[in-house]
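Let me give you the structure first, and then I'll get to my questions.
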Amino acid sequence: QNRGRLLISCNDKPGIVAKVSQWLFEYKANIVESNQYSTSHTDGLFFMRIEFECPDFQKRYSELKESFHEVASSFKMDWQLQSASNRKKTAIFVSKEDHCLQELLWNYERGELYTDIAMVVSNHETMREFVESKGIPFHYIPVTKETKPEAEKAQLELLESNEIDFVILARYMQILSSDFVTRHPNRVMNIHHSFLPAFVGAKPYERAYERGVKLIGATAHYVTDELDQGPIVEQDIERVDHRDSIEELKRIGRSVEKSVLARGVKWHLEDRILVYGNKTIVFD
Amino acid sequence: QNRGRLLISCNDKPGIVAKVSQWLFEYKANIVESNQYSTSHTDGLFFMRIEFECPDFQKRYSELKESFHEVASSFKMDWQLQSASNRKKTAIFVSKEDHCLQELLWNYERGELYTDIAMVVSNHETMREFVESKGIPFHYIPVTKETKPEAEKAQLELLESNEIDFVILARYMQILSSDFVTRHPNRVMNIHHSFLPAFVGAKPYERAYERGVKLIGATAHYVTDELDQGPIVEQDIERVDHRDSIEELKRIGRSVEKSVLARGVKWHLEDRILVYGNKTIVFD
Amino acid sequence: QNRGRLLISCNDKPGIVAKVSQWLFEYKANIVESNQYSTSHTDGLFFMRIEFECPDFQKRYSELKESFHEVASSFKMDWQLQSASNRKKTAIFVSKEDHCLQELLWNYERGELYTDIAMVVSNHETMREFVESKGIPFHYIPVTKETKPEAEKAQLELLESNEIDFVILARYMQILSSDFVTRHPNRVMNIHHSFLPAFVGAKPYERAYERGVKLIGATAHYVTDELDQGPIVEQDIERVDHRDSIEELKRIGRSVEKSVLARGVKWHLEDRILVYGNKTIVFD
Amino acid sequence: QNRGRLLISCNDKPGIVAKVSQWLFEYKANIVESNQYSTSHTDGLFFMRIEFECPDFQKRYSELKESFHEVASSFKMDWQLQSASNRKKTAIFVSKEDHCLQELLWNYERGELYTDIAMVVSNHETMREFVESKGIPFHYIPVTKETKPEAEKAQLELLESNEIDFVILARYMQILSSDFVTRHPNRVMNIHHSFLPAFVGAKPYERAYERGVKLIGATAHYVTDELDQGPIVEQDIERVDHRDSIEELKRIGRSVEKSVLARGVKWHLEDRILVYGNKTIVFD
C-alpha cells in the first residue's frame, strides 16, 4: 500500500508544519490524519504524527527518506518515516491467567491489531494448547529465583533471533531485569492491575480491598527500570462496593485489565504513542 | 492579544495544509492548536481549525484577511478568520428551572466561558432576582398560545438590537418558530433532557420511566426547524435503576443536563464545532 | 449444597418480611442476601429475593415447599423456592458474529455463569468448529423466508426435548415468531445493538452514524411479541466521535454488547431479575 | 411525620431479621426500605438499615425505643432508632475555593440535602458575602501556624455551642488536629482531590500531572487521625489527556470533587453509611 507515517519531535518554532506539509505536497501525498502537540507555545517541545497516502510510497521509500532528512536537519528533528503496511513483530509474555491473552488474540483474529504475533512466551505450560491451536508458537521458559538470569537470556535470544519489535506483558507475573528493560525502551508494555500510582507492586486487588476503595482500575504502561513507574499509556476503572469480595474485585478487574491493555497495544502498533520524559502523548 | 483562529471547510485535495501553513509562516504565526478532519481521503470534504499566535494580529487583521482570501479562493474554501479575543455576545433563554442557568453563570464567573452574557430572557419572572444580582439584564417576555408571535417578535428585536451572536436554550420549555430558528442557523443551542433520538419531544423523563430504561441521558444540539432533530453537539448519560421514581430521574438528570450543556456551550464559544449536514465535527 | 433462593411478589402490606423471616428462622436458615422493593409504600406491589443457607435444604426441599405454601397463601403471593445449586439449562442462538458467544463461553468456562449450556443453535455453520471444540453440541438450522415456520418448529423441538430453561439470542439476527416468544415469557434474552428505545429494529449502527450521536449503546432485554419493546434488563454506552466510521462504531459497539449481555445473563441465571409490567427489577 | 430509621450492627446469626421485622410488625410499621450486609455468613458481622412508616411514630418514640432495647440486647446489637424527620445540624468548613460549597448549598436549597446548615466556618473572608446572602451565619477564624491551637479551640466551641452533628470539609485546606478529629469519629467528612490512595497529601493535581495519569479522581472520606487514611465513602474519576495543563486538571477536577462530596454528604445525612474497621458500607 501507499500509506506512510511520519513521527516527529523537536523544539517548537514557527514554520515546522509549513515545511513538513510542503514536503508532503511535493510528493503528491494526501494527509489522512495529522496530530500535533506542543508542551508550550513559546519555548516548548513539538510533537507530530502524520499519516498520509503517497503514490508509489513503497517504491520511492528511500528517496523519500533521503529527501526528508534535509527538512529534518534544519529543525534538528528526531523523526521516523514508516510504511504503515509494515507490521511490527510482537511477543506476548503470559503466566497462568489468560484473560488478557484471549482478548489480544480475539482482537488480532478480527484484524483489529495490525501486527504479527510471532510468539507467546510463558513460565508455565498452562496456555500452550490454546496458543498452539491458533497457530502461534509457544515457548515455555520456566523461571525460578535461581534460573532467572538464564531464563532471561533464553528470552532475549528468542526476541533477537525473531526480530521482535514489541513485547506485551499480558499478566506475566515476573519482574524483568534492568538489563532486559533498558534494551527495549518504550517497547515493553505491561498491564498493572490497579489505578497507578495507587497500589504499586504486588497484590493490588488485595490491597484495594483492604483500603476499601470504591473504584478499581487498571493501567497499561511502558516498563522501565523502576517497578510500575514507567510512562502511563492508558487507564480505566470500574465501580465496586462493600459487597465485593477480593474474588469479585479480581473478576471485575479482569474485564478492565483486558480492555485497557488492548487499547494501549492498538495505539502502540499504530505508532500513536510518543514518550516524553516519563509521560506519554497519545494521538488517538 | 495576538491570538487568531482560522476555520476552513472545502473539498479535500493535496496541498491544503501546505498552503495554509506556509501562509501562517509568512506572518510569523506560531500554531497553538491545529485540528483537521476529512470525511473521505479520496473525494471527501476537508475541515480545519487552527489557533495561532501572530505578532500584531489585531493591527494587521484586515491585511491578513485580504491575503488569506487568495489562499482560500484557490481551494474554494468556506472560511472565517477571527480574533480569539473577540467575545461572542450571548443570550440565555430560561423558563422556571434554574440548574442549567446556574451552571452556565457559575462557569462564566470563573472565566471558563469566554463570552459576554448580554441578557437572560424568560417567560417567567422566577429567575429575575438571581440574574439581576449578577448584574445581567433580565427580560421577562410572557408567552401564551395567543401571544406567541408577538412574543417572538419582541425576542428577535432584543437579539438584533443587542447584536446577539449565540442563543442558549437553558431549559426554555417553549418551541421556537421556524422563522426564529432559520434566522440563526447553528447559533441556537438547546439542551434536551434525554439521550436523543430516544424520547424526542415532551416529558422525556416520564417516558424514560415508563419504558424502564437503565440509563438516562441529555443531549445538547443546535436547533433546527424539526423538533429535536438538529445536529447533536454533545451527549452523556447517568445510570439509574428500578428504585428511582420520576422525581429521582429528574434530579439525576439535572446534573447530566447542566454539564452536557456547559460543555457544548464552551465548544461553541471557542469555535470548536463545525456543522456538516446534520452532524457536528467537534474539535475538542 | 444447602443454599436456597426464595422469590416473592404480592401486594405490599405490613408483616410480610416478619412472616417470611420467621419462617426461615424456624428452619434454622441463615439469610445470605436479601433484597426487597415496593412500587409504593401504601398500596404498591412488593417484591423480594432472599438467598439463604439452610441445613439439609435438599433433603427437606418438599417439606419446605409445603410449609411455605401456607405463608404464601395468607399474602396471596406469587412465589418460587429454588435450590441455588440447580443449574438452568441454556441454549444460545447465534448467527455469524461471534463476540457475544465468545464472551459468554469465556465467562462460562471460568465458572462465572452458573448454568449448563446445553447447545448452540445457529442459522449458519460459521461457529460450528469453535462451539464443538468446547464440547458443546451445535445445531445448524438454516432459516429462509420460506422455511422459517419449519425452522422454528425444529428449534422448539430441540428446546423442549432438552428441557431448555433459558434462551440467549447472542446476536441471532432473526426475528422469532410470536408463537415462539409467548411460549417462553421472560425466558428469551436478546442483545440489541443500540441504546433502546433509540434505533429500534434493523441496522442501528448505520442509523446512529447517520444521526451523528456522540454515544453508542447496547441493550439486553427480554423478548416479547413487539420488536425491541420487551422489558429492559441492562444497558450501557461507549463514547464515539465524528471520526468514527460505521465500521468503527460496530467495533466499539461489540465490546459494549458483549459485556451488557454477559451481565444480563448472569443476573438471569441467579434469579436476580423480576419482571413487573414491561419493566425489570434487578436485585444486583 | 411517621418515618423512622433503625440502624443495627451485631454478630451475624439466624433469627435477627425475623426478630426485628416481627417487632416492626407489632407496631404496625410498614418497611419502606431495608438493606443488610454480612461480612461472612458463618461468623461475620451483620449490618442493617431499615426505614419504615409507623403510625404515631413521634408520639410513641420513647415507648418504641424501650421496647426495641429488649430485642437488641438478646443479640448484643449496637443500634440507633431515629426519627427520619430529625435534621442533623451541619457546619461547612471552607477556605477560598467555592465550588464544593456552591454545590452543597445549591442542593440544599433544592431540598436534596436533608439537614440544617447551621454555619460556614472559614479561615478566609472570601466567602462571607455569598454565604450571608443565603442567610447562613459565617464565622471567620483565621489560622496561622502560631494561632492554630487557639483557632481550633474557637471552632470547637462553635460546634459545641451550636450542637453540630456533622462537619463537612469542603476544600478546607487545613489539617485538623488529632484532638479535633477524635472528638468527632465518622462525623467529619473531607473531599480529597485525588483518587486515594494515590496522591495522599498536598498538591495532588500537580503530582497527577507529573505522573502523567490518564484519569483524575476525587475521594470523599471520613477524617481520622492519619492524613487521608480515613474510611472512603465515595470516589469518582474523569478522563484527562496529555494536552491538559495543571490548570485544566484542576478545572476538570472541581466538577468531580463537588459531585463526589455531594453524594457522600447526602448518604451521611440519610444514615446510609456504616463504618466497619477502616471501610464503609454504603446502603445507597
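A few points about this structure:
Read from first to last, the chains carry the letters A, B, C and D; within each, the first residue is number 1.
The rule we apply is simple: a contact is a pair of C-beta atoms (placed from the backbone, for glycine too) under 8 Å apart; a residue touches a chain by one contact, two chains touch by 3 or more.
Quick caveat, the model's predicted, so the values are computed rather than measured.
Here the repeat of A-D among B-C, B-D or A-B is B-C, since over half of its contact pairs match by residue number. Farthest chain from chain A (centres taken as the mean of C-alpha atoms): D.
Rounded to whole angstrom units, the spacing between the C-alpha centres of chain B and chain C is 42.
Rounded to whole angstrom units, the spacing between the C-alpha centres of chain A and chain C is 38.
The residues of chain B never reach two or more other chains; the list is empty. Partner chain C is touched in their complex by these residues of chain B: 37, 195-199, 211-215, 217, 231-237, 241-243, 278-282.
On chain B, the positions that touch chain D within their shared complex are 99, 102, 106, 112, 251, 255, 259.
Of all the residues in chain D, the ones that touch chain C in their complex are 12-15, 17-18, 21-22, 24-25, 28-32, 34, 36, 38, 41, 53.
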